[in-house]
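Please go over the structures that come below.
After this come two complexes, each holding chain A, first together with chain B and then together with chain C.
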Partner chain A sequence: MNGALVTDLGFALVRYRVLVILAVTFSVASIWVPGFFSAGTLSLSLDRAATMGLLAVGLTVVLLAGQLDLSGGAILAVAGITAIGLQESMGQIPAAFVGVMVGVLAGGLNAFLVVVLRINSLVATLASMLFIRAVGHYITDSRPVSGIDPFFGLTVSRPIEGTITGRSLLFLVAIVVLHFWLTRTVSGRNMFAVGSNFVSATASGVRSRAYLAGSFVFSGAMAGIAGVIQSLSVNTGSPVFGESIVLTAIAAVVIGGTRLEGGRASAGGTLGGVLTLGALTTAMEFQNIPAYIQQIAAGLILLLLILLDQLVSRRNSRDVGLRSLVRRMKALSRPHQEKERKHISHEN
Partner chain B sequence: MRTRTGLGGLIAIAALTLTAGCAAETATTTDTNAATADDTVAVAEGGEVCYITAAESHPYVTPANEAIDEAAAAAGLTVIRLSQEFDVQTGTDQMNTCIGRGSDAIILWPLDPQAYIPGLIAAKEAGIPTIIINSPMDDEALELVASFTGPDVYEEGQLAADSLNEALGGEGSVVIIAGQAGNGTTIGRTDGFTDRLTELGSNIEVLQVVNADFDQQKALVASRDLITRFGDEINGVYANDDTMARGFIDAWKEAGLDTAALPPIVGINGQADAFESIKAGEMLSTILQSPYEDGKLALETVARLIAGETVEKRLPIKLTVINSSNVESEMPAF
Partner chain C sequence: MTEAMPPVPVPVASRVLAQSGLTRVRGWIGLPAGVVLVLIVGSILSDKFLSVSNLTNVLISMSIVGLIVVGMTFVFISRGLADLSVPATVGLGGILVLGLQPSLGSLVAGIVGVLAAAVAGFINGGLIGWARVNPVIATLAVGTIVLGVAQAFVGGVIVYGTDTATQDFINSRILGGVPVIVLIFLSVAALGHILLSRTTIGRYTYAVGSNPAASEASAVPVKFTRAFAFLLTGALGGFAGVILGLSLQTARPTLGIGYEFDAITAVVVGGVSLLGGVGSIPRAMSGLLFVQLLTNIMVLQGVPSPVQGIAKGAMIAGAVALDVYLRRRGGTQ
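Entry: the complex of A and B
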């Protein structure tokens, strides 16, 4: 056997761990849940994760910039309260728009705290989280507010043409857009530069502080969208919505291979992380497994992936890209092409 | 960079395939659903009930959950229990899970008077009968559900009035230690009490109503003031729950007064410490609202729905007045 190839295959498994863990979760889920792969159940798993996924899209960019944003859950609550509370006076669609704007403004506040006042992002967003949630309690008198028409919100939570729900579609679109932005545009690539080394990015002409500020505004906007969608789907705005959602979203992003140190992130990884947690929740709920066991599983997956991450980042020099692996495996399956295989082994 | 792009693209493709898979399967949705339904019936024998509970671990909710499991076993039904852990958002998502599963019925423990309404509409459209257990919702929600099973808080107030009126022989003056102002349970339990006294033509006068938020400490502070202000004038005490009744007893003892001279005290809930107080002669009575009955009634109601029977819109659970005559034979609620 080709020892080097086997080792590299092992490393490839680790590198594509999101896919592996997603496949494992789905397999386990399909054993546990009869008919898990039916359109209905899959659509449901995706729908369960969609709101958290929208937050995770925003957080991916913040984490990529090497920052943290804890205020997403609070922004989600206040954006939802706005979108529902203003329905009567200005109509449903303008109110939803204002809700998203609240998210943008809150993101702007975070950007101001971190970029202008230079407060550590953990502390800054912890403070804004407390502040924004308190505003939610204040404007509602700590009581849930309800919208004018429960049927309006059903459009986001009801499957479109029997496939996936409106909010799931929105989440997938957000992922695709994020993917193309991060990989195909100059500003997306600059974001990586800012995240991996702020000083040298600035030295090479990138307006690093603007990128940092932008990441917080984007995250706030995504939290705003998530909040509006969430509140519309239940026709209620409540100051207690989204109290634990941010940590789950951060976990999803990190499971997806984004590092808290910044400089590394991918939209596909985040999608994988969100789907993993969504499938996990659905599968365990169907099995009557208590919520705290779900948290144990999520925590263990997180730890396992971080440990694997450390393992691969120490061996980053190895070429375990999919293309090269496929090429080498093809070569292996055709022993008469001895020359080519040898050639590749030398290459490594 | 290259591999990152590769991975991202790969997962994006996987996701799109997944989505496309959903779309492709739509054509045969009816077949798939039929097959899934058959599977479920085969496993469940008598049908499946999706139960969205308030929490897994709570002094009142846990026994109610257990009662539902027991009653389901007796009725030959399978219960899928989803726990909201007191998070409304989780609960509203779980409504979709229940509908998506195509359960035969849903039992919902509402934590918000409004937020579940879109879910209830979706359940109704899917033809899944839903009942709500324990806590009331707004009227428009009650129109969407087959039934609301749970304690009647107004009746609890009435029973408390009966008990106290009898002990005082229809004469004297009492104080009311109420829960949170504006809370549905507080309003029901207090109005039930005062309305019943009027109905009975009782001469009992209410000296004062204080709000102590169902909190023992707040009840203790409020009771100190009441004892200082009214002293011997207090011939009886009605507390909206046993926790606050405990607060009055503590204030009485703290003031150095003789426990033998305690005025008759009535509480609600049937908590274990109220049972102890009744045994010790410190409390007159409590109204037992059993979580076992709460859960059992809910499950029996959905069992009837699944069997095709019609059920009443409002099904209150049995309430038992606990006093020295039956305190030894009954079990406390929690």
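Entry: the complex of A and C
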């Protein structure tokens, strides 16, 4: 058989590694957890990952822009505190709205630090993370706050019509919207341009700095939504919520094939990454496997996937897209064309 | 002879020299001035501040994180972004030294702890140097795994030590009142400074950070140099964990949480650029001293700890923003 095609098929496996790893995780999970594929278990598994998934949606855009946002966990905490703490004075729905606005505002702070003051996003969001979490401790006196009506939050954590929960639905909607935004709109395409080459994007008339700022505001807003949802579901706001959630969310996004260098991301990949980590947690918790073993497994998956990513990205010139592979498999019966194609791709 | 020399270059050269001299002074004078300012403000606000015992306490509290700052400075200068696996290596060192203490004794257990953390640092370095993985994600993944392994080693519980003799020694004071822990920190800082400013690997570190492509072309071992920075940070993180574990005689897996951010704060406030190529151990140390003195003043003034956190966040952002501003204005680098 055609040797190059076999190699490329191998690379295609690596390229669609999210699907592979998701399939492996699900198989392992279905062996470990009896009835894993029952609607109830799947729904629960998705529900567990939904809050982290909402953060991951925001982070996908920030990472696509070639930046980093460590402040998501702190924003989540403060947005939740706001949404719960203001319930008494302004009602539940307005308070939730203000909570999301807090996220937008915090995202705006990050945007200001990175875009206007030109601080490296790693350090800038580290600073805002410390700052925002300290604000959370300050306004609550480091004590958790409780909401007025524990039943109100059930709308987000209760399964709708026996299927998936409100927050899972929200997460899935966010993924679909992100997918259409990134693949079907001009601003989505511009986001890719800004992430892959800031200077060229600017030179081509894209307002790169505005896009950069927008990515942080979006990430802040998603963290705000995640925080409000999280706090409503437990009817509590606490300054210690979400201490390690950002790192998990970044891991999920990176497992989904997004690169920290920017310029590459997909909503489907992020969905795959979130589901992988969600299924892993559910399966391991079901087996009573301690949290630290889960950490090792999650870390190893992350490490394996980034190494595979390095492997593929060095062969960027090879076209291992699904369409191209199908075309070339068909072309196997017509060797001449194949040779011609190979010749062309060599020149590239 | 002197009259035969061309007169033109002399004034031009001296003007350039004078300018660059001014820039150079402006480059390093800010931080020592800041430290002095903090000392003055502190002594005005509180009469306890400028006492030997208080300043010794400040030194003790900065010793553990100071060990990590030495490694983190290498990472920053070699343009390695940051090492986020520090909490894991600190936890690993602390857990191993106390976990192995009954069978190996404190000294050997400590050496094993440092070596294990160095291996973690080496894996970081290998991934970042040779496999060219982004440092943030590499150290994140390795950190998660290492901390998991350390916890699995002791079964996820808190480890208690029994070697009170070593504990007393580390917490004691020698040579007329100098705490042992401070001596350890100062000698590591001095060694780190010599390594960075007087040796080949130190020079490579600056070269790799300021221009990786040119370094590669000049036969500087770029991959090794970058890996070395992470190896060093891993080993020093483990060492910090060992010292911390021995001085407390308890170690929980969360032992090292927060040290990575504290170290990054110190290095950044010290004006060591995340873009690489610039900085030194003394600068990072004065950054650390500045942060610690400021924290100490706030503690003495009874400022609630959330406000201290707010101040710390604002300080990082302010320090880097100032650094970026001065760079753009001065046109240097």
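Basically, the second predicted complex is superposed on the first by the 324 of 348 C-alpha atoms of A that agree within 3 Å, B and C clash if a C-alpha of one lies under 4 Å from a C-alpha of the other, contacts with A are read in each partner's own complex, and residues count from 1 in each chain.
Following the convention adopted for this analysis, contacts are C-beta pairs under 8 Å (C-beta built on N, C-alpha and C of every residue); 3 or more make two chains touch, one makes a residue touch a chain.
Note that the coordinates shown come from a computational prediction; the quantities given were computed from them, not determined experimentally.
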Which of chain B and chain C A:Pro290 touches, first, second, both or neither: both
Touched partner set for A:Leu117, first chain B, second chain C, both or neither: second
Partner chain in contact with A:Leu302 - chain B first, chain C second, else both or neither: second
Residue contacts with chain A in the superposition, chain B compared against chain C: B
Chain B versus chain C as contact partner of A:Leu275, first or second or both or neither: first
Partner chain in contact with A:Asp47 - chain B first, chain C second, else both or neither: first
Touching partner for A:Leu247 - first (chain B), second (chain C), both, neither: second
Doubly contacted chain A residues - partners chain C and chain B: 290-292
Parts of chain C lying in touch with chain A, wherever the complex brings them together: 81-82, 84, 127, 131-134, 136-138, 140-145, 147-149, 151-152, 156, 253, 261, 264-265, 268, 274-275, 304-310, 312-317, 320-321, 324-325, 328
Parts of chain B lying in touch with chain A, wherever the complex brings them together: 1-12, 14-16, 18-19, 21-23, 25-26, 29, 32-33, 35-36, 39-40, 43, 56, 80-83, 85, 87-89, 92-94, 96-97, 100-102, 112-119, 121-122, 138
Parts of chain A lying in touch with chain B, wherever the complex brings them together: 15-16, 18-19, 34-35, 38-44, 46-48, 51, 144, 146, 150-151, 153-154, 157-158, 161-164, 172, 175-176, 179, 182-183, 192, 230, 233-236, 238, 240-245, 257, 264, 266-269, 271-272, 275, 282, 285-286, 288, 290-292, 320-323
Complex interface listing, chain A residues touching chain C: 68, 113, 117-120, 122-124, 126-138, 142, 247, 250-251, 254, 259-261, 290-296, 298-300, 302-303, 306-307, 310
